[in-house]
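Could you have a look at this structure, given as structure tokens, before my questions?
By letter and in written order, the chains are A, B, C, D, E, F and G; residue numbering begins at 1 in each of them.
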Amino acid sequence: MDLATIGGQLLGTIPLGDIVLYLTPFNLFMFGGTLAFTTLIAISRTETQVEAEFGTLKDKEVKVNLEEFKIRRFLAIVCGLATAGAMITGDLFNFTLFVTLIGIVNIGIVSAVRQVDVLNAAFQYGLIAMMASLPLFGGAAVLLASTGTLSLLEIVKLPYVTSMMTFGSLLLLMGIIGETGVAPFYATKAEMFRTPGSPFILIIHLSSLLVIVRAIEVLLIINKPF
Amino acid sequence: MLDVQIWFYTGCVLVILGSIATVVGPGVKDPLVRTLNTEIPAVGVSLIFLTYNHTLALLTFIAATAVITLILLRAIVRLEELGVDL
Amino acid sequence: MNLMLNILLNVIIAFLLGSLLFGLQRKVMARIQKRPGPPIIQHLLHTLKFYIKESSFPKTAAMPFYIAIASILCVIWVSAVIVGPVAQGSLLLIFAIYALHKIVEHNAGSSSGSPYGKLSCVRAVFSAAAEVPLFAVLIIIFLKTRTMVISDIIAYQAQNGALLFTIPLAALMFFVLILSKAPYSPFAITKGKDIISGYETEHFGLLRGYLMISESIAWYMLLWIFLTVFLGPLSLLGYLVGMVVISVIVAFINATTPMLNPNHSIMVQVTMAFIGIVGSIILLML
Amino acid sequence: MNETSYLLYLISFVLGSVVGLVLSYQKYKSPFAIDKIDVLALIIAIIGWFLIFNSPMLTFIPSYISIAIGLFLMAMVLGMRPGYGRYETLIGLVVGGIIWLLRMVLL
Amino acid sequence: MIVPVQVPELVVSLYPVAIWVGIITGLIGLLGISFQKNDLSVLILTDIVGVAMLIFVAGVATDLAEALILPGLVVELAEIMAISEILLSREIRKNNISGEDLVPTALPLNMEILKTAPTFIAVVLIAYGVFLSGFTGGVIAGGGILFYILSKSARGLPVELFEGLAGASGIAWVFWIVGFLLFFVGPPFWLLGLMLAAFGILIKVASKVGLIGILTREEFKKE
Amino acid sequence: MLEWINLTTVSAAVLLIGMVGIITLPKPVDKVIMLAILQGGFIGTIVAAKYLDVAMAAAIFDPIATIIFLIGITKIQDIRNQKHEEEEGNLA
Amino acid sequence: MNIGRIWNSLANPRRIPRLFALILGLILLIGFFIPISLNDHQLYPRPTPQSQINDQNPLAPYDRGGSPFEETGIVRAQYPQNSIELGQITAYLTPIAIGVKDSTYYFGTSILSSPGGLIDEILYYTRGFDTILESSILMMAFVIASWVALHFTMKRDEEGDEKP
């Protein structure tokens, strides 16, 4: 088993003590993509929603006010950075922490809105995010217990896969699914997008999709299928 | 060594029975009672930490539980004030 | 051959062929519905037309973003061409690009401030939730071939026969993914006519041109991946024939089916994905 | 058939379609022509399809050029305004196909 | 030998039991959530799920596991806080459409312990927290601050303090980052890095936890 | 038999008693008292493990939790009484 | 009940956490049917519980050897080559901590959680990145909670103009 069969040739590592970040073309592309989007978000202003009013012929403009704009931009940038980190980290626990950070920031980006329905969706999503911390951290802990290491670069070298490792990665997958809102759990997330503030809610979507793609890589590394 | 076992299994009993009590125990319709019942598993986990000598984590957990309790009670009281029917 | 030249060549091919395939698709659909239909060249002409039209920007748009998003779509699909036909790199990378495509689709809708774009944006999130499980196709391919690199997958197929016959359910799932990208398909909820043109509603002129170019390249790339991954080493003529055949099949399906309600569309896809994953794993174990 | 010639074919097809479209709009004013065969278009179509299928027969020019020309001519007929050029294309395809078959069988 | 090469046998023998207990607890909590209609109750029940998570991590019983428990704890604390606030805001929004203003009830409590004990307990906790430093110290000192604010109902702190405390915690966070980088950029200065990290995170966490008290204080101020 | 009576077993017993008490007693205030017993048992356990500093911190934080609960209970009861009175007032 | 209706019900955000909880519970059940055992070759192993305190070690339970600035403690990190000063932190004691250590046996936790000590070694040095994230999570949660509190739950009178 070699990392090169999954994401392409290993380009380099960034060692920070026990946590080693690694770069393959795949990781690098997603890292760069996320950073590009984050930069764009940081310099954009929000769109104005125009809604028809009942009973009259007038339109109503739904805008994001300045205070709300600032906090949401801040959270969106943090979310972008967290996503970028999750793309290149080579440590399981670090990865779960990044995912958790993404989850909580996502809730924050929509919690600043005024629509009750959106707040409700944010709350329900938050509940899922909290429950998902059990499979996320639990899965990482089960993997640690069964392999004795958290570093993906070490796990990839192990010659065997035990059923406990598969269980751990299943938990990890469940956690990521919960935090990112994959079907059939999509509804909470999708409802959150009905609010104005386009560039910021973009990052919610960006983070969840990229984390899922990255999770595939992580799962393949853990469960060497041969 | 027996001490360690006693702590561990007492912790396990507290955690399991405490969480059952939190979910279906008597009077848990009242969120206040439910929050009170969550203290039992919290103490159970503390015992498990103690068994493994995670004393620093235990110290943090004790403090964090108090804070979580405060947050939950704040929410309960405010919702009661609002008189909302969830 | 010079690398830059090679990239340019492949991108232009992807664009031209993708547009022609879209045109063919419209023609086939029209014939099935007993209309004469536009010429095959029509989609290409449409794309070029937008470059000589005036560009205007809505007052309500989220400004730098609204413009950037159209060119980003172009950039990511060009990079898909680089990863795919040119470098034959990792399949996972192409799916990362596909994920970015979903994001752009979503944001192109929401950045304009139009309610139709917004609806399309919400639906894009919905549909992304459905398409993500289809990434399980990747895992199944990996389980079978033990590699993610396209050139290795081709080599594997050259040795052991096309994957289409060994993991047919995965191919079916991938086909559903392709189907969901085609215009007028039962799963194309982001571009349904009930929300005008979906995320493209408020993009005019130059920006629309960019979007259309990228869509053509995207269509070509999806078909290319399908043919490469499931049918093994093919000659260029083989690719051409395969793409035409798939486009015609898709056109036939699109012409005869209604568009599904968003929830149903997702859950149909998810159910198919679930059956596909479980079925494939059972097939692999046998 | 390498990628460069592939591109050449595509471009000649596209150009042929555009030319066919423009010319046919100038030539025909009414939207539909039922059951009328245009002899000029028919000849172009037949030459086009013939060149596409039987380029090796013309030994004096490289095959990629003859195929490109064939595609251009074929596309001119195929790409005519809606309702025109159908029968011509079909006949051209059949003729080209028969010649190809004969060539395969005889040679 | 102070540190063994392998994990002690006792721990290995306890591990399956710990995991089973974690699974059972998680199961109870999750089933409870799935059959629970009341949103507030679901929020409380997620606490149980968090407990199950902690057992999973603790069972590994190495120093690493202990270091991993702390982030887990923080995540629980942080999420409960944010989500309960969202729940409140949702309910207020839902019920306040008519525009009526809600007056929070005043606290009728007149207990002796609330008058004398807080200062002492707070001072002890803060001093102990500073001695501990690090995340644990932060939570403990923060708990002390929180308790102090909670109890001093009449003498509420001015709202400006909120921004000030938040700013302090941001600066402390930067200290912590600098400390972290120092470990890798200049290994000989590890002691400086350690101190920056330990006290940066102490101030950060303590001020954050203390801020909870200010959130609760507004109920008392309206007397 | 007597050798079984040491700090560990006694604390464990106190813990279990506290747990049963919290679960079964109906009134919230009684529950808070049983919570104090539970915490007493917990501190006893820590002392049995000889970590006096942890025991100290626990001994400081436990009354805090109790006070928080007391405040909450009084407040909620107050609110409920008020609501009750309002309803009766409306009826009258 | 027809399948379209079931699918529609999945679009209700209120049902999603419950559904997620149910599915997660079912997956947790798998844990009962697979062999579970702790791999005894772990990183950062620790001695048998209670052994250090029973030996009257004043630094229990976190004593990992070493003396301040001279001798490094024993830490089995994943990548020792990435952490050049490994073991120094766990051996370090502040002057106050040394004073406490000499006077009592039962304050090991406090001593070794003041700067220096094994957990600091792990939390700040070898796994420092985790702690950065952890504190960021707390910070973000706080930013969110305090923002919501300051703008919505605490200021209730000023929002009459904008209704959902």
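One rule holds in what follows: a residue touches a chain if its C-beta (ideal position, glycine included) is under 8 Å from a C-beta of that chain, and two chains touch if they have at least 3 such contacts.
Predicted model, so just to flag it, every value in this text is computed and none were measured.
A.B. asks: Strictly by the touch rule at the top, which chains does subunit D share as contacts with subunit E?
C.D. replies: none
A.B. asks: To reach subunit G from subunit A by way of touching chains, what is the minimum number of steps?
C.D. replies: 1
A.B. asks: Between which chains do we find the greatest number of C-beta pairs in contact?
C.D. replies: Highest contact count among chain pairs: E-G.
A.B. asks: Based on the averaged CA atom positions, which chain is farthest from subunit G?
C.D. replies: Checked the centroid distances; the maximum from subunit G is D.
A.B. asks: On a CA-centroid basis, which chain has its centre farthest from subunit B's?
C.D. replies: D
A.B. asks: How far is the middle of subunit F from the middle of subunit G, if each middle is the mean of its Cα atoms, in Å?
C.D. replies: 27
A.B. asks: Between subunit C and subunit F, what distance separates the C-alpha centroids? Give it in angstrom.
C.D. replies: Their C-alpha centroids are separated by 61 Å.
A.B. asks: Quick check: how many Å separate the C-alpha centres of subunit A and subunit E?
C.D. replies: Here subunit A and subunit E have centroids separated by 23 Å.
A.B. asks: Just give me the whole-number Å value for how far the CA centre of subunit D lies from that of subunit G.
C.D. replies: 72
A.B. asks: Which positions in subunit F touch two or more other chains at once?
C.D. replies: If we look for residues of subunit F contacting two or more partner chains, we find 49, 51, 53-54, 57, 61, 64, 68, 71, 75, 79.
A.B. asks: List, in ascending order, every residue of subunit B touching at least 2 other chains.
C.D. replies: 3-4, 51-52, 55-56, 59, 63, 66, 70, 76-78, 81, 83
A.B. asks: Can you list every residue of subunit A that touches 2 or more other chains, as numbers and ranges?
C.D. replies: 16-17, 93, 97, 100, 104, 107-108, 111, 114, 116, 120, 127, 131, 134, 144-145, 150, 184-185, 191
A.B. asks: Tell me, which pairs of chains are in touch?
C.D. replies: Pairs of chains that touch one another: A-C, A-E, A-G, B-E, B-F, B-G, C-D, C-G, E-F, E-G, F-G.
A.B. asks: Using the touch definition up top, name the residues of subunit G that touch subunit F in the complex.
C.D. replies: Listed in rising order, the residues are 50, 53, 60-61, 104-110.
A.B. asks: Can you name the residues of subunit B that touch subunit E in the complex?
C.D. replies: Per the touch definition, subunit B meets subunit E at residues 1, 4, 8, 12, 15-16, 19-20, 22-24, 28, 31, 34-35, 38, 41-42, 44-45, 48-49, 51-52, 54, 56-57, 59-61, 63-64, 66-68, 70-72, 74-79, 81-84, 86.
A.B. asks: Spell out the part of subunit E that touches subunit A in their complex, as residue ranges.
C.D. replies: Residues in contact with subunit A: 15, 19, 22, 26, 30, 33, 39, 42-43, 46, 49-50, 52-53, 56-57, 59-60, 64-65, 68, 71-72, 75-76, 78-80, 82-83, 85-87, 89-90, 93-94, 183-184.
A.B. asks: Going by the contact rule at the top, pick out the subunit E residues touching subunit B in the complex.
C.D. replies: It comes out as residues 10-11, 14, 17-18, 21, 24-25, 28-29, 31-32, 38-41, 43-45, 47-48, 51, 54-55, 58-59, 61, 65-66, 69-70, 73-74, 76-77, 80-81, 84, 87-88, 91-92, 94-95, 102, 104-105, 132, 135-136, 139-140, 142-143, 146, 150, 209, 212, 215-216, 219.
A.B. asks: Enumerate the contact residues on subunit A facing subunit E in the complex.
C.D. replies: Subunit A reaches subunit E through residues 16-17, 93, 97, 100, 104, 107-108, 111, 114, 116, 119-120, 122-123, 126-127, 129-131, 133-134, 137-138, 140-142, 144-145, 150.
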